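The two complexes that follow have subunit A in common; it is paired with subunit B in the first and with subunit C in the second.
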Partner chain A sequence: MSLWVDKYRPRSLEDLHYHPELSARLRSLAGSGDFPHMLFYGPSGAGKKTRVACVLRELFGAGAEKLKIEQRVFLTPSKRKLDVNVVMSNYHLELTPSDVGTYDRQVIQEILKEIAQTQQVDLNAKQRFKVVVINEADQLSRDAQAALRRTMEKYMSNLRIILVANSTSKLIAPIKSRCLLVRVAAPTPEEMESVLAYVAKKERFDLPPEVASGIVAEATGNLRRALLVLEALKMQHPDLNAEKLEIAKPDWETYCTKVADLIVAEQSAQRILDVRAKLYELISHCIPPSLIIKTLADRVVEQVDEALKADIMHWAAFYEHRMRQGNKKIFHLEAWVVKVMSIYKHFMFDIDLTGFDE
Partner chain B sequence: MAPTAGKKGAAAPRKGKTDKPTIKHVQLGLVPLNGSQKPLRQASLTKFSVSLPSPSSSQELPKKSPIAAVKVKASTKGKERAVEAVEDAGMWMDRFAPTSLEELAVHKRKVQDVRHWLEEATTGGPSGTLKTYRRLLALSGPAGAGKTATIRVLAREMGIEIMEWQNSQDGMDPFGDEFPESHSHTFSNFLSHEAGMEEHLNLLPLFSRPTTSHPSAQRVLLLEDLPNVLHPGTKEAFQKSLEDIVNRPNAPPVVLIVSESGARGMGAEGWRREERWDMRNILGPRLLQSPYVTEVQFNPVAATIMHSALSRILSQTHPTTNHLRPSPETLDMIVESSMGDVRSAINALQFACRVQMAEVVKGGGSGKRRRGKKGKVGEVVRKIIEGVTRNEQVLALFHILGKLFYNKRFGDDPEENEDPVLEASIRGSLPLPQHLSAFERRPSKVDVNTLYADSPVDISLLSAYCHQNYPQFCSELEELEVAAEWISYGEAFSMDSEHINMQLPEYAFHLLGRGLLMSLPSPVPRRGQKLLKSAYWEFSRKERDGIESLRSWSRHDVGAARDHRTTEMLERAWLMGRAGLPQPKEVSLLAYMPWMPPIRGGGYGQQLLEEGEVAEVEPAIPMSQNYKMEASDDEGGHGTVSKASWLEDDDIEED
Partner chain C sequence: MQSFLKPPKQQPKHAVDPALQPWIEKYRPKTMDDISAQEHTVQVLKKTLGSNNLPHMLFYGPPGTGKTSTILALSRQLFGPELFRSRVLELNASDERGISVVREKIKNFARQTPRAADAEASRGYPCPPYKIIILDEADSMTQDAQAALRRVMETYAKITRFCLVCNYVTRIIEPLASRCSKFRFHTLDASSNRTRLEYVAHAEGVAVTPSVVDALISTSDGDLRRSITYLQSAHRLSASTTPPGEIQARDIQEIAGVIPDAVVNRFAGSLGVEGEDVDMDAKKGGYDGVRKAVQELVMGGYSAMQVLSQLHDIVILHPLLSGRQKSRCALIFAEVDKNLSDGADEELQLLDMGLRVWKALR
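Right after this comes the complex of A and B.
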């Protein structure tokens, strides 16, 4: 039994539920025989990878869907072995560079070279080239990006690269200029609701519109999340009774919300320690610190006065930047927490004073 | 042993000058008494070879008879006084190695764990079926926790024969003539030879019959002196050999001993995972998760246990309380400074006796004068012992943290007589202008420059401790804010990986130190603050383990592999957990985060102890199921006997 997210993932360009113009353009690109390097970008859960998979199917036929996971071993210059997970079919190969950390340049170069130097094995293949999909391309180091730029030109004859990224801001200009940029925008609420309705119909249950709109509002444009939540809800309350439904959230989001409430409720040295314990707990559950700070900031901002919102966001951005520079994320998370406490307390204190004056 | 002894000699130069014969004896003592002495771990091995120790020598413990040693000495150095000869016959840790369970300075529960395993491995336990699953016992723990001693004593008591692998460089290799081969080959040959002996060579016909009553029929392979597993090729071959032997039901069970190092402090973040010398790395994930492998972790020896062990030795060397016997204070100091390392403690003890004796000899017979000097003797011993044992770091860390957190400034205490000249020299000549008056402080008594120069503490370690402890020393939120900001700034600053700059740690130290001094209140209120151990490594280890399990999940599950972002994988895991779909347990635990309101007055992390202090409570607040389990496990290890906890994460160097 697979999850609905996997089960109802559109397999071909025709099946895609939204962005019909984009699908049409992709289809004509795949059919033209002159397929460029591509860069898909857009928010998470918008359907970038789904579209990439559809394009691959359009290019190579159903064979591109037969996926297997391979573990490749690479040798770094210092003769250290690196294990990299590679998802691949006969026609393409997917990599996630963040798996390899600092050695992404070597791994990318090795793989691209290897793919580029071997001809298409399948004589019946529709295309002469192979495709390498690089996920999270915005996580590539500068080094790797620079290396990629040269490779993209050199092996153009039998290799195409599809980059998938959340934003183009971290990619260097030469790469962007060598790719066809495809923006996959987040679906609108109506589009998401229609997808939810489609899944509900396939699963043969009634999805009350209020529930659908509730889920969509929580998912903020992340269709993947919306589908996960729908499935979780359905599992909890098979009848989907709208009156007592509480839109399910992953545990850590609820956890973050509670931590934010702790910050707003009290500002003291003891509270800092309490919050620290919670932050440690979140980090040890592999929740990325940048996501923690963002979720916390969102929640805190919801609860404070208008005058403070900009400030709190500013410091969240500031300390997130610190986290990227530093190594011990907890220091910077905590510095932000203390900052927010201080701002908030000062603000409340000032209000009290003016109250006395009047 | 040789380097340790060398260090000791350097630490006490006066000894060499005053007491020549003693030095000679030390050297004499260095000669290994018999084959059971631990060989040096070689960093780079040019040649592996196998020396199969004859059963008797491997099993036999160093003889606990000073008389024998004296006899030897008497024949060679007849002129020496007999008393001294007794003192000098060999390293004490060999002479007084434990021979029975009572003498073993290890927590009873750990001994029980190992004993049960050995029983089950040899006889199959009560049901007789467990034998299949007791194939490899992995003993891990810090150096000097008594891992090897436990195995040896138990094996001796239970009549199990130990076959041991030793790396060696000389030509004692029995296979060497026939098969010129590589190191790892030799090693796997050793294993398969040991394992397959009964199948192929049929040397020990009794060996494969578990029902036999013959005591020597039970055999265990002991691997302590490992091949260089930091080399990827060797490591692979090593793990392969182990897997082979583990999967062969008729082979004798294997006991693997690893003194873990590098898992602390900077080790954890500075080294890549595959370079660390720990059980996880040495055995590899496949073996660790295999049902045939049992791991027992040893904790540092608790203070009370160590104390009785040292007393036992003293009662043998100095049966009567005379001037030669180290004072109880000296003993306490040794116990405290050894940080749970029995080996180091015994070394220090032997050394202490020697120094005191030297002192006596120098004092020249007059009893009165010697008595008068007693206080000074203690001082000398203290200094030397600090040089010998490993506690320098803890003290230094404690010292620096104290200096920083108490933020002493001139004028803190009006009663105190302070040097006005010094104060004036530190105070700037000009007062700060009006708009900077917020930064006005009384001149500080802390010299950050000297502090840095004297500090053997790594900046990463120090900043973690500062971070752990700063909230309790501040009283206002503003102070906390500034302190947190400085800690954050210093950390981000010191980690600029783009430009590796040797100056950076120093700058970071100044940022951290001066920033803290600036932000802390003056004077710092004394509320009986307790310095806590930083929880940072504990949690970052968990994070790494979590990421590891996510990655291994993605290796087997196409859906998870395509998610590739940790949050997406966690969302998937969360949903699958709700749906009750099968998924790895570690992964579902990651996605499961029930909320618990914070517990008032609770802290976490262990208390950092200064010598002589004992933590009153074991501060273990259950923050998650995982954490709770670990905390209670810790408690069982050494908490029941003594609440004292050693600072394990602090020293950077270990052999």
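Right after this comes the complex of A and C.
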């Protein structure tokens, strides 16, 4: 019994529901025998990995789906041992560099060289090369990316690399210029609704259009999330037609809304303490701080005057940036809260708080 | 029994089907004469071919200008394909290049006296009595490793020449830089870029229209490698459709990750930048308008850096904005670019940039 997200994940390029042009391109590339290095990028939940899996299947046939997990040990220059789990089939291998932290360069170098120097053993294999899929490629350190550069050119004969990233901004130019860039945009609301309807049909229940559009509006282009919400909803209310349905938001989002309400309702030292406790709560539940600040800012902005919106967003961006450079996330979250309160109070009561800014 | 004694069939070691080779490797210049642009450097280096004397060298310049190609072509012309393997050591960032490698691998290679050239192998090549060590992407070597090179370079100068290749000459420590004669590789101008692209396209039998070549040149900023890769990718795409289509300038932009003009113009319009094909209703969107435009971009999967650079071009070249407005925008762009390269959240930064530009232009 698997989740619907996995159960109805398209297995081949024909089954993909949206971006038909992209699928046609991928199919013809996979068939042409002249397969380049590729870089898939797009927002999360848009279907990048699904497409990569489909391409692998198109390249190698069903054998690419027989996965095994292997534990590999790497030795860093400082003689520290690193255990890395590598997901692999006979034809490809998947790496997630964030698993290895700062030693990603060594792992990339060793694994790629090893793959590159061994030829495909299986004589029946459709392709002469193997594929290395690197997930979250935008998390690779600069060093690791530099290490990829020549390797990608040198071992082109028996190695292809597929990079998967959320954005190309953090990839160095030499890597981008060596790959075929494939943009996977988020599905449009109509496309998402059609996917939801498809899943509902397969699961044999009736999905009223209003519920579908409600879910899609919540999911903001993230199909994975839409499907998860749909499944949760179906579990809670077996009959989707009957009552007025409330589409459940994730807990942390409702919690963020509450915090935003607190900020707008009162601005005082005591309130900062309350908010602080709540922020700690969120962080200790492993919600990424940058997501917290983003959601909070969104919620606060909904409730304030037009003149304040731009400022609040500006400071959110400012403190989010500081947060990346700094060490302790909570400081910057708090700083933002205080800033917002100060701006708000300044605006509402027209109190001169210029001295406070410094 | 006979079959055992027979020498095993000679298999070509790296049997790469030339059709599958990346064009950048296939059309890498084989001789110094093939190198596009860089007349000055080529001229100086050609003299060394005749005089058998080569200084330590430091090649620097932006990517895709032919640094690695030049040194490879030079050493091939010096030693010929046979001796190339024993006389040239090429190390790049994909090899481990810490201080230990400098101490062992590089030093050992540098120490060996080159064997007397085999008369047959060296026929037709000058084959000077020294070896060459190429340190590609030398700016990614650590300071310590560079420091360890200093003495090695001097001690074995008689039998080994070094060639450092890098993008940023400032990252090479001063003592190393002063031991080398420096060659700057400048960005390729449009005309030599065009000649080379047309040559490759012709050799591959790909039909390209001038507009496609223009798109290639403008998207690649003088980086020849990039434009050739784009050309190959575009060719792959167009050839693999049935029936094989022609390459469109639009394809090149999609491959290069350039955002379609219509999308950027619409975004610019919602920030209050007046354009030709922008309906001015979008301008009055205020906060919500900007927010919606940003969300559209993020959902489309476009990279924030790309948005920034294209928006920058629109604003700076805009005919109607005042100098003051432009400079305000330039300040904002610079700040956001810094934040983005620090790894800040793309959506927030884009939103912040949008709102501030919108304010600045009001």
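Keep this in mind: the second predicted complex is superposed on the first by the 347 of 358 C-alpha atoms of A that agree within 3 Å, B and C clash if a C-alpha of one lies under 4 Å from a C-alpha of the other, contacts with A are read in each partner's own complex, and residues count from 1 in each chain.
Quick note on the criterion: contacts are C-beta pairs under 8 Å (C-beta built on N, C-alpha and C of every residue); 3 or more make two chains touch, one makes a residue touch a chain.
Since this is a predicted model, take the numbers as computed values, not measurements.
Trainee: With subunit A superposed, do subunit B and subunit C clash or fit?
Mentor: fit
Trainee: Look at A:N90 in the shared chain and tell me whether it touches subunit B only, subunit C only, both, or neither; answer first, second, both or neither.
Mentor: Touch partners of A:N90: none, neither subunit B nor subunit C.
Trainee: Have a look at where A:D34 lands relative to subunit B and subunit C in the superposition and call it first, second, both or neither.
Mentor: A:D34 contacts subunit C only, not subunit B.
Trainee: Using the touch definition from the top, say if A:N327 reaches subunit B (first), subunit C (second), both or neither.
Mentor: A:N327: touches subunit B, not subunit C.
Trainee: One more residue to check, A:W252. First (subunit B), second (subunit C), both or neither?
Mentor: first
Trainee: Take the Cα centre of subunit A as the vertex and report the angle out to the centres of subunit B and subunit C, nearest 10 degrees.
Mentor: 100
Trainee: Please provide the least distance in Å between a C-alpha atom of subunit B and a C-alpha atom of subunit C in the combined superposition.
Mentor: 11
Trainee: Once the two structures are superposed, pull the subunit A residues common to the subunit B and subunit C interfaces.
Mentor: Of subunit A, residues 325 contact subunit B in one complex and subunit C in the other.
Trainee: Mind listing the subunit A positions that touch subunit B in their complex?
Mentor: Residue list for subunit A touching subunit B: 1-3, 5-6, 44, 49, 67, 69, 71, 79-81, 85, 87, 94, 96, 98-99, 135-136, 224-225, 228, 231-232, 235-236, 248, 250-252, 254-255, 258, 262, 267-275, 277-278, 280-288, 291, 319, 322-323, 325-328, 330-332, 334-335, 337-339, 341-342, 345.
Trainee: Using the touch definition from the top, list the residues of subunit C that touch subunit A in their complex.
Mentor: For this pair, the touching residues of subunit C are 14-16, 19-22, 24-25, 63-64, 92-96, 98, 100, 136-137, 140, 220, 223, 225-226, 229, 232-233, 236-237, 239-242, 254-257, 286-287, 295, 298-306, 339-349, 351-352, 355-356, 358-359.
Trainee: Applying the document's contact rule, which stretches of subunit B touch subunit A when the two form their complex?
Mentor: Spelled out, the residues of subunit B in touch with subunit A are 232, 269, 272, 274, 460, 463-464, 467, 471-472, 474-475, 477-478, 480-481, 484-485, 487-489, 491-496, 535-536, 539-540, 542-543, 546-547, 550-551, 554-556, 558-559, 561-562, 564-568, 570-572, 574-576, 578-579, 581, 590-595, 598, 600-601, 603-604, 621, 623-624.
Trainee: Which residues, counting only subunit A, touch subunit C once they are in their complex?
Mentor: Within the complex, subunit A contacts subunit C at residues 24-25, 28-29, 31-34, 36, 41-43, 46, 77, 109, 112-113, 143, 146-151, 153-154, 156-157, 167-170, 173-174, 176-178, 180-181, 183-186, 220-221, 290, 293-294, 297, 301, 306, 309-310, 313-314, 316-318, 320-321, 324-325.
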